[in-house]
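Next, two complexes with chain A in common: one pairs it with chain B, the other with chain C.
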Partner chain A sequence: MITLYDYELSGNCYKLRLLMGMLGVEWKTVPVDFYPGREHKSDWFLKINPLGQLPVIDDDGLVLRDAQAILVYLASKYDASGTWYPRDNPALLGEISQWLAFADGITGTASAARLHDALFYDFDVEAARAGAHRLFRILDEHLWFGEQEGRNWICSASQPTIADIACFPYIMLSEEGGIPRQDYPAIRRWCDRVKRLKGFSVMSGVFPAGPAKAA
Partner chain B sequence: MLDLAKTRWHPIAAGYDLPLRHVFHGQLLGREFAVWRADDGYVNIWENRCLHRGVRLSIGINDGRELKCQYHGWRYSNRTAGCTYIPAHPADAPARTITNRTFAAVERYGLVWSAEEPQGEVPEIPGLAEGELLALRGIPVNAPADVVAARLKGYRFQPNAALDGKDAKVAVEASNDFTVALRAVEGGAATLAAFFVQPVDSNRSVIRGVLDGKVEGAARLAVLRHHNELLSALRVAVEAEAAHKPAPAPLEPVIERVSPELAEMPEETKHGRKATIRVQVARKWPAADGIAGFELRPIKGLLPTFQPGAHIDVHLPNGLIRQYSITNGPGESDSYVIGVKLERDSKGGSTCLHETVREGDVLAISEPRNNFPLRRDAVQTLFIAGGIGITPLLAMAQALKNQSLAHELHYFAQNEAQLAFPEKTSTLGASLKPHLGLSPDQTGAMLREILSGYGPDKHVYLCGPGPMLEAARHIAAEMGWPETAVHFEYFKNTNVIDDSTSFEVALARSCMTLTVPAGKTILEVMRDAGIDMPSSCEQGACGTCLATVIEGEPDHQDVYLNDAERKSGTKIMTCVSRAKSARLVLDL
Partner chain C sequence: MTQTRCTDQVILDLWHPLAAVSELPVGVVVDTVLLEERLSLAADSAGKAAVWRSRPEIAADNPVDIAALGGTLPVKIAYGYVWTSLGNPPADIFPIPEYAEADRRRLNAATLGVNVSAPRAIENFLDMGHFPYVHTDILGAEPHTEVKEYDVEISVDRDEILATRCRFFQPMASTASDGGADVDYIYRVPHPYCSVLYKSSPLDESRLDVIAVFLQPVDQEHVRAHMMLCVLDEDNEDKVIKRFQQTIFGQDKPILENQFPKRLPLDPRAETPIRADKSAIAYRRWLSQKGVTYGVIPAAT
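The block that comes next holds the complex of A and B.
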């Protein structure tokens, strides 16, 4: 059984809850009081992750940190369909890695702005917001042309990949960091599509979508 | 400048921004919009705030017929933006004042246009033919619209058929503060590009470009990318320029209060039954054996919001006034559809509608009234319809179906040919349960079966002929259904009205004491004294003229109140009921 070291309001932890829910994987949660307890910097947690960051999983003794790395592991091990991280498609794996790094960029900007606004972190919030807008412009353009080409997801596969999961949370939570998504209509439509995936779950600040029109 | 801009039409979205079941977040001159396309194609542009707590409706849910707020689940109807349901008040019909502000919407050139105070038409661009266009990706720019438009006059691009060239001559064909039309020519290739700059706010704009001529396949993508690249570069330059100037203060849109006509009390008239709406019979058809369907479209404007269970008064050419339930599903707001059964002992109402009223005729109707509201918090809802009693229950069943809430519609009729509105009932799928050709005894047995197994939070709604309703209410009571879970609507009051008594009525809030003589109703006496009181059926069936009793003992003669309400002695239908005591005090 997987153990997830989890903080309910963390978008990075939410990425793993999302994917595990969609894959139908069971897990148990060890809550870590990120705020205000700063438990992720406590002695017991630093033994698990010396970086003092969430999330961490423990899968039968295999301890992994870093949300993107854990997404790769979970999809490789537990996705019977092989579509979330298609190991036999090098071009797609390259694309996925590229967008996983992009997701890290979103974390470094949109999530930083949210930590500043919601959890009072001492960050340069204007720089963080400007950085997030720069990334959102790039993603909106990418998704808009994707729609024109008949592509629904971030990577050029007909199914969603872990790149979609990695980018989704901190985009959906961006308004909590003072970053509106009004100028990114293609991102907003893609968010609807992610929310309609089977097994989708919500977290505080992420609302569900209604059903798509039946074909 | 701002006042002028408000009167102009501006694009606020592109057609591709409004896929079904999505809510687009728009903005024009500082005012935010929730923009959504209903499944029937209608484009709704609304103030982006729920009337309840002000939450943005752009994060709401477009279910194809209604928009639901994420916060407390208030639902607003396609077209009218009228509230149809408030989950925290499941037993009540929302007030007509709960109507969001709507804005004009026009689709043109592949774009969606709106205006706060529109004057004139959407700008006409010679050379742009509807349907033969390519809408470019909208480019948001952090700069004022006039600065963007001025910069667009110097925009250089290649014609569609000469994308690889470098030397296109580009000429400005027309321009103003918000529009720039350019023509690029190289060799034999020429393309007209119209750019409409949407003033989002004082310092924010969106460039919405449209090209003449259709381009298909890979060439289309190449053209889209060509302009996206050039316009993105233009954006960088404009934003760099704008960043050197102090940003103008954001516009502050005025959030309107409820419109005066909605906020005021309806105007007083001598005649208590008002027919303020004129509709045309757009379609009349046999909805079933002996039942005529009528589709009523407004002569002008939009019809008011209706809720499932609501009815309208129809004023007939022969002077009679009759009540008919609206059968529409949620969001079907462009017309009202009613079903009229030809009554054998018709006093002229159904005969007139069946024989005299034709397609194209104009009728006067009242605003919809809902005295038969539908709760949507039940774990299961049963509808039991007898014959033409299907009409209000059909609207209710469609509403629950749309929200995927558990329900069954039991429809009793003589034979299959008498099942009305098959095109509507067929959409209900397995929840429709017809019961055909049953004798009264068999009907009773079937009702027992349907009503067995009462549980908490189950509700039943009954509508049909009097004897069937009496039987169903009786059986429901026997089977342990509490009165609060049994909702019913009679077609008419068949009680013999005893109006031989005489008594005094004191109107507490109006500070008047009136005497009701034998032969006159409370309603008539109040109207003679200048007290306005809404009414509809005026025979004690519909519930419109309900008043609250403060003191005295009512003599109930209606069929609207249930037994518990009667016993409580706190409500009275003023059109038929009277007093057993010498004096009644009403909260009027």
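The block that comes next holds the complex of A and C.
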């Protein structure tokens, strides 16, 4: 069974809980006291991940770090439908990788602002917020043009991909870093679509969508 | 006397929490903010602490010998935290006798920065009505949404608010729970920015778990929330108990940060309460009677 080294308030850990829930994969959790205990910098954890970062999974002895990398692995191994990470579609794989890197940019900005405000990290919060707004503006336009073409998800596919999962958590948690989303209506509609996916789960700070409007 | 940015003497004269002793590095300067004032603090290896107005020559992260420091602020160690005051504090901090019971787990679940006024956060802490909607399947679940009648009094001799006979169905009241149960609650508000909650222990029906929130007002609309746990739990590691409480507080956080107006209005006509808000009404009245102005919108006189 998969073991997830997990911190409840981490958006990067939530990415994996979210996808595993949607794929119907079972896992067990090893809680890591990221805050206030800084257990991710402890000797035992650095042996598992020398970068001292969460999340990490151990799947029958295969130890992987980095949320985006783990999403690629989980979807490739456990998604029978093959839609979350379509291995036979090079153009789509390129797109997915592009947006996985974009998700890392969201972590570096929106998540950094949240760590500053909630956990007192010594970051330049104004720079982090400005950086997040720049990325949100780009994603909002991308999603808006997609909607005009009948596309619901970040990548050019009729089904969501791991790019949607990778971008979702730190966008949803952005207000905790002082980054409001009122100016990004296409992002807000996309967030609601993600929340209505089968198997969707929440984390602290993320609420389920209200009932959908009848079509 | 140094001029302070906060001019509310009631608030200035209180003891305020700054940091969990367990998380302070020994002999090293840590900076914080209280009531818009920059403060520094440090603890020594004997568990003593000192707090002072930050000085450029004693910068954060540097070693300091607190015994050699002059011009420090009042300091107390209580319930696992360092407390200070910018005014003339009372001799004692409000009592929590259960903290002395040796078999309890005493932890700082976390200190979290929240974009909320301290009184709004206390009011949310007192509210049971949100349990099924915000803490779904943990502290509440539909259809068990009713807040049953409970009692509230403002104790004159103890100068605190007491809500008793509170009862709520909780699917998972604590890490020691093994299923849903009707849980008894008692709430105390012994300090304008601190509240202490007692709830049935799943392990011993004659005793109560104690969970307190001690708010450090950074300014009128931001707090550092210190969450103290003093609970009965023989099985779970500290980090599991902390995680449970952080999960709950993390669910409250977006609700707190979206309260508007951010300062708590004390005018009885400003917001419309329902019966379940009895303790909140008493809290607002108590703050008004004390003349608290910091973090609130005082009632028009």
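Keep this in mind: the second predicted complex is superposed on the first by the 211 of 215 C-alpha atoms of A that agree within 3 Å, B and C clash if a C-alpha of one lies under 4 Å from a C-alpha of the other, contacts with A are read in each partner's own complex, and residues count from 1 in each chain.
The definition used in the following text is that a contact is a pair of C-beta atoms (placed from the backbone, for glycine too) under 8 Å apart; a residue touches a chain by one contact, two chains touch by 3 or more.
Given the structure is predicted, the values throughout are model-derived calculations rather than measurements.
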Practice prompt. State whether A:L9 touches chain B only (first), chain C only (second), both chains, or neither.
Written response: second
Worksheet item: Once the shared chain is lined up, is A:P31 touching chain B (first), chain C (second), both, or neither of them?
Response: second
Practice prompt. Report for A:P90: first if it touches chain B alone, second if chain C alone, otherwise both or neither.
Written response: neither
Discussion item. If we overlay the two complexes on their shared chain A, which of chain B and chain C does A:Q148 touch? Say first, second, both or neither.
Written reply: first
Discussion item. By the touch definition at the top of the document, which applies to A:D192: first (chain B), second (chain C), both, or neither?
Written reply: first
Item to complete: Check whether A:P211 is in contact with chain B, with chain C, with both or with neither, and answer first, second, both or neither.
Response: first
Item to complete: Identify the partner contact of A:E39: answer first if only chain B is touched, second if only chain C is, both if each is, neither if none is.
Response: second
Worksheet item: Between chain B (first) and chain C (second), which does A:D183 come into contact with in this model arrangement: first, second, both, or neither?
Response: first
Worksheet entry | Residues on chain A lying within both footprints (that of chain B and that of chain C) | 207
Fill in: Complex contacts: residues of chain A adjacent to chain B
141, 144-145, 147-149, 181-183, 185, 188-189, 192, 207-213
Worksheet entry | Touch list for chain B against partner chain A, complex | 13, 16-17, 19-22, 24-25, 27, 39, 59, 61-64, 68, 70, 137-138, 140, 206, 220-221, 224-225, 228, 232
Discussion item. For the complex, give me every residue of chain A touching chain C.
Written reply: 7-9, 31-33, 35-37, 39, 117-120, 175-176, 178, 203-205, 207
Worksheet, complete the sentence: Residue set of chain C touching chain A in the complex reads 20, 23, 108, 110-115, 224, 237-240, 242-243, 246-251, 253-254, 257-258
